[in-house]
Amino acid sequence: MTTSTHLVYLIALPLVSAALLLILGRLADKWGHLLATLVSASTFAFAASEFFAMRSRSGAARATTQKLFDWISVGTFKVDAALLLDQLSICFVLLITGVGTLIHIYSIAYMSHDRDRRRFFAYLNLFIAAMLLLVLGNSYLNLYVGWEGVGLASYLLIGFWNQKPAYATAAKKAFVANRVGDVGLSLAIMIAFAQFGTVSFAGVAAGAPHASSAALAAMGAMLLLAAAGKSAQFPLQSWLGDAMAGPTPVSALIHAATMVTAGVYLITRSNFIFDASSTARLLVVIVGTITLLFGAIIGTAKDDIKKALAASTMSQIGYMILATGLGPIGYAFAIMHLLTHGFFKAGMFLGAGSVMHGMNDEVNMRRFGGLNRFLPITAITFGFGYLAIIGVPPFAGFYSKDKIIETAFNAGGTKGYILGICALLGAGLTAFYMTRLIVMTFWGTPRWSRDEQHPHESPALMWVPMAILAVGSVASGFLFTSGNSMVHWLAPVVNPSGAEGGAELMKPIVVSLLALGVVVIGVAYAIFKYRTVPVEAPEKVTVFTRIARRDLMQDAFNEAVLMRPGQKLTTGLVWADYSFVDGLVRAVGFTLGTSSQAVRKIQNGYARTYALVMLVGVLALVATIWMVTL
Amino acid sequence: MSILTVLELLPLLGTLVIAFLPKSANRTIKQVAFVISLVVAAVSGVMAYRFRSGTPGFQFVESRPWIAAFHINYAVGADGIALVLILLTTILVPIVILAGWNEAEGGRWSVKTYYMLMLVLETMMIGVFAATDVFLFYVIFEAMLVPVYFLIGGYGRGERAAAALKFLLYSLFGGLLMLAALIGTYIISTNQGGGTFDITKLSMLQIDKPTQNFLFLGFFIAFAIKAPLWPFHTWLPGAAKSATGGTSVLLLGVLDKVGTYGMIRFCMTLFPDATKTFTPVIIVLAIISILYGAFLAIGQKDINSLIAFTSISHFGFITLGIFAMTSQGLSGATFYMVNHGFSTAALFLTAAWMVKRRGSSQIDDFGGLQRVTPVLAWSFFIAGLSALALPGLSSFVSEFLVLVGTFTRYPVAAIFGTLGIVLAALYVLLAVQRSLHGETKPGNENMKDLNLREKVTIAPVIAVLIFLGFYPKPVLNVINPTSTAVMQHAGASDPAVKAGK
Amino acid sequence: MSTLATPILNYALLAPILIVLGGALLGVVVEAFVGKVYRAPIQLAIALASVVIAFIQLWRIRGESSTSAAIASVSIDGAGIFMQGTILVLAFIGLLFIADTDNFTAQASAIPGSAEEGASIAAGRQQTEIFPLTLFAISGMMLFPIATDLITLFVALEVLSLPLYLMAGLSRRRRLLSQEAALKYFLLGAFSSAFFLMGAAFLYGYSGSLNLNDIATAVSGSGDNSIFLLIGIAFLSVGLLFKVGAAPFHQWTPDVYQGAPTPITGFMAACTKVAAFGATLRIFYVGLDAAQWSWRPVITGIAMLTMIGGAIAAMAQRDIKRTLAYSSITHAGFLLVGVVALNKSGLSASLFYLVAYGFATLGAFGIITLVRDSAGEVTDLNRWVGLGKRSPVVATAFSFFLLSFGGVPLTAGFIGKFSIFSAAYESGNIAIVVVGVLASAIALFFYLRVVLMLFFAEPKDDVVSVVIPSFFTRIAITICFAMTVVLGVYPSLVLNMTETFGTFLR
Amino acid sequence: MDISNYLYLSIILFTIGAVGVVIRRNAIVVFMCVELMLNAANLAFVTFSRINGNLDGQVASFFTMVVAACEVVVGLAIIVTIYRSRRSASVDDASLLKR
């Protein structure tokens, strides 16, 4: 365990720059974006140097820690503000800063016409800082700070154009859905403290073996809930589609490459919990599998290019979650797919952005078509990403995804078959909707009017990052798998016991062939189905399509089960508060008032009445004294 | 003479000075009031510096006989909890004065009266936290209501008179119940050798269970009304709706803390057994307050009553933490009081500025302020974030401490409590969206953004929120020994770790 | 055939009463021989002088105590002297209000609204008899709390009541109401004193003596609950409860308080309460202590009824004087709490309460005399609305008195309530404490309602003005205000006294 | 003859007086009823003095008479004024002060 004194700058730099840009305000308009980009680039450089330093070290010495100060300390509840950079977090740090920097560069051009570009970059750096804190924190509570920090950043960025009510609503929805997940995380932390008396990863890892299975299962479930919230997994996935309201670079960085994968990080980081609890693992695979199909199905029905991509993100993360649920061996593959996905999905989002840039922010794919002639570079880079995601060898997705499918099958027994087949099915669907996307956007005949739209290739500032990411989506997969480099690299963190995967159900090559098979089917069907694309979405479609278009009724469900009753409850309570709780108070006043009026009646001004009352009083007095003394 | 006495006398001095100023000299009056409050803050700073943290028990003690016939003393002293709350007061008052620089105009009475009331109130707020003689505490606890009554009724908006009356009656009623219990305690002390009102001596009394329950309720209901805890809360929204921003800040930020402070200082210390008896009920009430307050906050149309209901929810958290009977819960609750003080201050001040500029407190009359008045919008937004306890802001630390402290003893309660943080996100973001986002509503186009004075006012509040969010240690170090002492006295100890290593 | 022994009187101890009586007689003489023009000032001078001198004498004998001052028919002791002192001080202030003769009819005998009356008003005549009457009343009040035999008690009762009956009828304006008040007060008063007398007779029949101490010994001697004793106690209490205005013998209070000239109302409300409670305390503490099993529960019940009933009845009042009347009823209830406490702290608490209440009451009624329109005093609450805007000082003072009535901390009233309740609690009577607390909560409502009207309600157009108070009135109000504040902030001044003086000689 | 009969008589007189106060309208009569009650008390005093065998009771009755006389003076004064200003001595007419 190496101690470092400068890890904190990874977070401090972007944070400070963000604060600077926000506080200086318009003063920084001229150079704000440059500063932000510079900072982000330097963090990447720093991260890279750390990475090589880490590689030069070996074994336990690779992990680096820095204790900043003791943050909270009450009774036995002691939490340091401390950072931990190990083999797992470095992957994320590199991804975040790397992709982040590329997207900064891209945004300089993409946002050039927006009067609030500076604010945009401030938010971006705020996000970078929070995300780095998330992956660098050495305890659940530190992670939690980053966890909500990225939530805030995502809220700000989704609602960047919050003058549009729909966008503001989308931002709010995202934050609230995330909060639901955060409840899970905070409960998990409480369980951790109650069980192990600490919330640091190390401490919990040490204690995990001694804990009761129930506690572990509970904590696992809560962590999963958190992951579901952040990574748009079933049942908390509904916010991701709306999140596309944010500027496209945001969707690329936050809602494709980095933030949404935080859930995968959380589960991988908590491997000691899940390894110790089969129940938790089962839940994880179920959620993962459902989501990967869920997303894929939604993807097949979306006409909005960004929403289609969002759906695919959902499904891809489903793969990762599934992988994390498959035991020690799965984590590495999850991370691997996470990284490759980071490249190609970010690339494709930037591509989508470039297309919108060329088409006056049109997002409906039915109004695209034949764009490859007008945006050649975009088409090519996008194509690379496409090949990667559907898993065509030797592109990145091929390696990472097939590993997951393979492991799924190897889970063993019926479980293995179910998971494997679902994964395969997902692959097929992926191939179908991605092909559909490509066909509708770049191929075929233009479905846009020449005099309104003047599609044009984006400036270099935009296509260079796309190109770099495209390269990534070609090379990364091979890089990670060659000699199982990734698996070995991560082993000390995620698989200390060095456990192997289950017995090979079938040879890897067979799995790959199967996968390729379904992919070919998917592609072929898509190409056949979308020979011609109607400009208006056809109304006469199967109920399935209709449901799929509506995100498989997830929103409807939430509305019916949570929102409306919630509103009813609120209005009901407001009413009850007035008429009952406060009503009681007013009732007391009223009673006293009326009784006062009644008393005034007796005071009728007649001396004789008073005398009578007195007389009665006397008798009562005598009577009572009498009774008392008997 | 104890430095606490100095702290109490300074504002009174200021009141005298102002009393001799001419009615018309508004500027001078304001400046005097502000300077005095700054001096008080400075002196309190000195006190904080001289405070030996890490030692439980009262410091800066002073005691001189007041009403010999009943063994009543003017006795003051500060332990960790009292100290932080006094500091909260002394810091908030100058901020409030500066923030509401022109609040007093348009009032029913002169600016002069307003600032005299303010300073008198400050004296009493310091005194109530400093008092170590229960009778002294009670006297201030009750007398404090009068200046607030006139501040609301004389300088408020809308149904101010009715709201003020309701507030006063409600509180006085609680106070009378407390009086009965107070007398009971005193009589018991006389029967057990030497009547006294000294809190430390009283805490040594041997009281049989039924009597304890009876007395406990007397105190608790008074504090529950003050705090306010469901179902004793209905006076709060009205008061908050009609009071000026500054008054609301002091009312919810400081005065209501007396309730929760009293629960710790008196209920738990004087009647440990009764505390144990009633804890389940109170926990339930706290949970109800948390969720109930949150739901009603969502349902509010008036921005001030929204803030009021959020406070009800937050006081639920504080009460939960107190009666969780764990060091985390207790310290968390105390720290929560401080943070809530600042975050409500931020909310009410920004809200007051918005209302002043727009001339309406209906949330729907705002909208799109983000574009028109970015700084104001940001201040309100950050205040909101601290209300929903975003990590990195101090309120998160306290809220999490409360929850974790509760979880170790009452997991179910904690789980319900965590639902509160989802609802918090809802009510804050709904308000933010309706007031700051969307198209700029007509009537808001040429709103002025914050001026320098207002920026200067809100900056320190936000700074404190953020600083304590990242580095709560100074405050926690002061609080911890006291809360440990309280717990020991109440005979409670933290639950052991389940899976020992 | 026993020889008749010449009675031995200790004049030093009786002097205070005799001085006041002498002043009264002198006043009568003045009425007879001094020209109209000079009467008023001379009468006032005599009255004030005799009260002051009486007080000085009282101060000189403050340490004394004896049962044989006047052949066992009075007993001079701490409590007695304290109450006499209180009465004198309050009476002095009361006289300062009465000095403003504008409140009293020019010629009581003239028919209201008659030409005769008009003439006498024009001639600026005054019924200066008010001063000797007051002095007579004061002397009766001073005798009442120290009297230890039933006949002396009865005589004192009448001596203090009869002048008051007349004084109640002497208002300058609204004379019909004033006279009606006098009539009601007189008839009901006589009615009640008949009960008192009958009670006395039965106690005499039971014990064979008129002397409280002998009665006490008789009661403690024979534990039997003789019917004589019970009827005696019951009827005697009726007389006393009527005077203190406890429910259900309270109904005269609102009418008389409203009808009587306001300075007289103040004087009555303050001094009569002291005297009546003085006697009540003595009778129950000294005479009937041993019979507490019979009367204590009943009086407890009456105390509760009075506290709650008075507070509730006051809520709906629209006339400020009536409101204060009901408030005085409520306070009678609180004082009865002190009576049933039946312990030393109960006694001293009651003494303090009487002082605090006395000053606040005088002050409040004093202020009412100031609020007028063209037709004289305005007692209709709706027309007091917004007074705080036009004359803040007066309004503030008035609200302060109200807060003291309500027992808000830092006012004398609060200390009074506190000590009374703690005494009751000490006697183990927790129920009455709780009821008392609830009653004060209700009472607070209407006190605050008035404060609200004064300050927060928008003023009406029909103008009531606050007249510039006369020199005497101003002094009086200032004293009351000062005392209410001081006793609230530093009550030890009086509390220590009540501790030392709070003893009955048995 | 049994002495206690005097007591019964006094009680009866007292009751008559009390009832009279309640039922009669004319102020004078009402007042007379009060006087009756006082005298009933007197009778009781004398009787008890006889029973107890000491003179205190009889002394008391003298005092009572004097006091009663004073009451008459004051009472008649008040009633007469009222009568003059209202032309009626009915107690019920004097009922302006109420509620």
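Should a chain be cited, it is by its letter among A, B, C and D, assigned in written order, with residues numbered from 1 in that chain.
Here is the rule we use: a contact is a pair of C-beta atoms (placed from the backbone, for glycine too) under 8 Å apart; a residue touches a chain by one contact, two chains touch by 3 or more.
A quick note: this is a predicted structure, and the numbers were derived from the prediction, not measured.
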Furthest chain, CA centroid comparison against subunit C: A
Centrality ranking, top chain (CA atoms only): B
For subunit A paired with subunit B, centre-to-centre distance based on mean C-alpha positions, whole Å: 37
Centroid spacing, where centroids are CA-atom means, of subunit A and subunit C in whole angstrom: 79
Whole-Å separation of chain centres (CA-atom averages), subunit C against subunit D: 25
Interchain centroid distance [CA atoms averaged], subunit A/subunit D, Å: 96
Where subunit A touches two or more other chains, by residue: 600, 603, 605, 607, 611
Residues of subunit C touching at least two other chains: 183-184, 187, 191, 195, 254-255, 445
Two or more partner chains touched - positions in subunit D: 18, 21, 30, 91, 94-98
In contact (per the touch rule at the top): chain pairs: A-B, A-C, A-D, B-C, C-D
Contact footprint of subunit D on subunit A as seen in their complex: 600-601, 603-608, 611-612, 615
List of subunit B residues in touch with subunit C within their complex: 66-70, 108-109, 138-140, 142-143, 146, 150, 153-154, 160-161, 164-165, 168-169, 172-173, 176-177, 179-180, 183-184, 186-187, 190
Of all residues in subunit D, those that touch subunit A in their complex: 18, 21-23, 25, 30, 91-92, 94-99
Residue ranges of subunit B touching subunit A (in the complex, touch as defined): 170, 230-231, 233-234, 292, 295-296, 298-300, 326-328, 331-332, 368, 370-371, 374, 378, 385, 390-392, 396-397, 400-401, 403-405, 407-408, 411, 414-415, 418-419, 421-422, 425-426, 429-430, 433, 436-440, 470-473, 476, 480, 484, 494-495, 497-501
Residue ranges of subunit C touching subunit B (in the complex, touch as defined): 348, 389, 392, 403, 406, 408-410, 414-415, 417-419, 421-422, 425-426, 430, 433-434, 437-438, 440-441, 444-445, 448-449, 452, 455-457, 490-492, 495-496, 498-499
